[in-house]
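For reference, the structure is listed below as structure tokens.
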Amino acid sequence: MKSKAERASLVPAWLRSSRMIAAGSVMVGIGVWQLAYEGLARTRYFKAYAIHHFLSSPWQVILAFGELYQSGELLRHSYFSFLEFAYGFLLAIAIGIPIGFIMATVKKINYYLDPWVSCLYATPLVALAPIIMVWFGLGIFPNSLVVFLGAVFPILLNTYTGIKSVKENLVEVARAFGGSPLQLFFKVMIPDATPAIIAGLRLAVGRAVISVVVAELFGAEAGLGFMVYFYSQRFLPGPVFVGIVILVVFGILSFLALEKLQGWLSPWYAYQLRREAHGMEMEQP
Amino acid sequence: MSAIGKIYRAHEKKFDAVISVVLGMVIWEIVDSLLINNPLILVGPSRVAAAFWNLLSRGVLARHVYATFVEFILGYLVGVVIGIGLGVVMALSRGAKNILSPWVTIWYNAPIILLAPLFITALGLGIASKIAIVFIGAVFPVLFNTYTGMTTVDGRLVEAVRAFGGTRRQIFFKVTLPGALPLVMTGLRLSVGRALVGAIVSEFFGSRAGIGYLITAASEAFRTAEAFVGVVLLAIGGYATFEVLKYTERKIAPWYEHRV
Amino acid sequence: METPASKLVVQNLRKSFRSQRSEGSIQVFEGISFAVQPSEFISLVGPSGCGKTTFLRILDGLIPRDDGDILLDGKTVIKPGPDKGFVFQDSSLLPWRTVMDNIILGLELQGADKRESRKKAERYIALVGLAGFEHHYPHELSGGMQQRVNLARALIVDPQVLLMDEPFASLDAQTREIMQAELLKMWNQTKKTVIFVTHQIEEAIYLSDRVVVFSARPARIREIVKVGIPRPRSLSVKRSKEFLNLADHVWNIIQEEVLKSMGREREEGAL
């Protein structure tokens, strides 16, 4: 027997799947954008408000993409941005996870570091970018530093929360069977805290991407942020959108990669815990 | 054990926090004034305090704080209202959810800051361009969390209300909405961060006032102490908002931390 | 012959679910019929997974039935409502409401005046022994206390029949016994008709006038066991010969059914 919905609809099932609707929605949205732009271009407001200085059509974005790609500009900028992202992010992992762990296990250190960490976590640290440029000049290193500052606190705090909320009974089981502190760490604490740590990494990716961009907008000779700023100052919105599209794709891809990593490292981490995990992801300025 | 020792043990965490902050300030000050003594490289607490006082007495500071505050508040409020509204619509209608969700995913993950130069070209150096950026930054976390909150309400509670003859309307108002509240609050908190970054960074690009403007203008003129005043104000503002929202959350939904 | 009109009549009830694994459907139960007298206390027992809980939800109207009829005071049951009070297994109390506001939920949903409801609730709070806890939140209560709230919430709407779905399953043994004794006391005061689902044979016999024993899936009624132990029953009744014999009898039926369904599962697994 077929359900009511199946009988009532004339649209084939595969077209009604939510993924198809999502794809369709994006297509239609892009089409509407193109048509709206064309329509707008025919009105007198277009010239009067110099709309082509800040708005672009999907087709122009594609053209801009082609040009930037052929000139090699796109690759160079992406490469620089990626390097800054990678250096800053890896440094944030290398420092954030150990400090988070130490804070969760040594009470005294937690008491001393907590006021600084909570305060820095709540500060929009990209605001330091101009000052860092004054200190260190232009280049990959200062920009990576801005990325590091953006990414380190979500990682640190989620590691802290993850280790803090390791279930007491699991620790007891390991101790009851004669586990050494080292075994306790590797066999209980790290696995149990992994989902929280990865949630922290996911938050950190978003902040790191923003940090890369802001740092480059300020002071750089290359990078996607630089590219966007350069062309927006010349009233060419096409390349600006190219930059945005690339960073959106990068953001979503790394998000998915971390989700995969999560499924791979902790397959037991049940789906229903998503809500809790979400509550844990307390992103701050 | 001495009396002081007893008091210290009873409030160890608070005492340690104070000691840590004071110690940090003192070390910072010593390194600044005795070891480096170059206001271009490092500015200690005393220099920042002096710059703060100077800016305040000239009336400059109030103007900048006011500008950022207005941008932030207006963009944030509009973002919250529209975010909650769209989140509710998406939770109630599968069609709306299917159509909107790819766009929400894209925008939620997009570094919206990149749009700042375009918004400034389009809307000018004034307040409108910043409000728009703050709005886009604030709207998506609220939307996303409202949606998640409403769609993950415990089915057992819905059943309980149904068992007592609750209508769909009653289920919505008495279970779904209050059940979603804690996550909506989380969304509000997440949005503060994004909105604040949006306001500051768009001020970096082109503005005539605001804390972001103060920071860039000061660092370009190598008045590092003044730039630090801006950063410290942001830290205080961010921390205060965070704590206020956390407090409100505990007041509004005291049960949430203890849910099964 | 003059018999009192039945409170609740179940006729030929049938329910199947669509199978998730294969095409077709799984028969949950079929041909269930029985009648409950006013103020009678009936328990439903059976092997786990036999559909007792589904059956109770259908009685309430929470889940639609495929076929058959349910008559409460001669009227067909179509949907949930205040004529039936449902007590859930886990407390399912609204976590953002205090004890008081949870208890008046049913009245509130019917559009009753809040102040009057609260006044009325005080009586029920006293009845279930929660005086002094009116303004506590569910998370501040123990499991046993949460179930007291759950019970009061069902009683306050003054239902014609009380449907209880393993209400004491998550309580520890001692609390469970206390709650059983208190439930009997309350039942004695209110004289409600009760349908009580449990997987504990001893609990079923101790509480009930009659115990309905379900077979394995697809469930039918294997036997309706009459409990002739006089009331009021003290907890020591549980060690009497009569009680133990009845328990043995029910245990044997269920054991038989469990073995049957295990055999069938093995066959299905082999396929």
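So that you can tell them apart, the chains are marked A, B and C in the order they are listed, and the count of residues begins at 1 in each.
Here is the rule we go by: contacts are C-beta pairs under 8 Å (C-beta built on N, C-alpha and C of every residue); 3 or more make two chains touch, one makes a residue touch a chain.
Just so you know, these numbers come straight off a predicted model, no measurement behind them.
Chemist: Pull chain B out of the set; how do the leftover chains group by touch?
Modeler: A | C
Chemist: Select, from all pairs of chains, the pair with the highest number of C-beta pairs in contact.
Modeler: Answer by contact count: the chains A-B.
Chemist: Averaging over Cα atoms per chain, report the distance between chain B and chain C in Å.
Modeler: A distance of 49 Å separates the two centres.
Chemist: Which whole number of Å gives the spacing of the CA centres of chain A and chain C?
Modeler: From the centre of chain A to the centre of chain C is 51 Å.
Chemist: Using mean CA coordinates as chain centres, what's the chain A-chain B distance in Å?
Modeler: Using C-alpha averages as centres, the distance is 17 Å.
Chemist: Which chain C residues touch at least two other chains?
Modeler: none
Chemist: Quick one: in the complex, what on chain B touches chain C?
Modeler: Listed in rising order, the residues of chain B that touch chain C are 156-157, 159-167, 170, 174-175, 178-179, 181, 253-256, 258-260.
Chemist: Quick one: in the complex, what on chain A touches chain B?
Modeler: 18, 21-23, 25-26, 29, 53-55, 108, 111-116, 118-120, 122-124, 126-131, 133-135, 206, 209-210, 213-214, 217-218, 225, 228-229, 232-233, 235, 237, 240, 243-244, 247-248, 251-252, 255, 274-275, 278-279, 281-285
Chemist: Spell out the part of chain C that touches chain B in their complex, as residue ranges.
Modeler: Checking each residue of chain C against chain B gives 60, 62, 79-82, 84, 86, 88, 90, 92-96, 105-106, 108-110, 137-140, 153, 157.
Chemist: Applying the document's contact rule, which stretches of chain B touch chain A when the two form their complex?
Modeler: 12-13, 16-17, 19-21, 24, 40-41, 98-103, 105-106, 109-111, 113-115, 117-119, 121-122, 141, 145, 148, 152, 182-183, 186, 189-190, 192-194, 196-197, 200-201, 204-205, 211-212, 215-216, 219-220, 222, 224, 227-228, 230-231, 234-235, 238-239, 241-242
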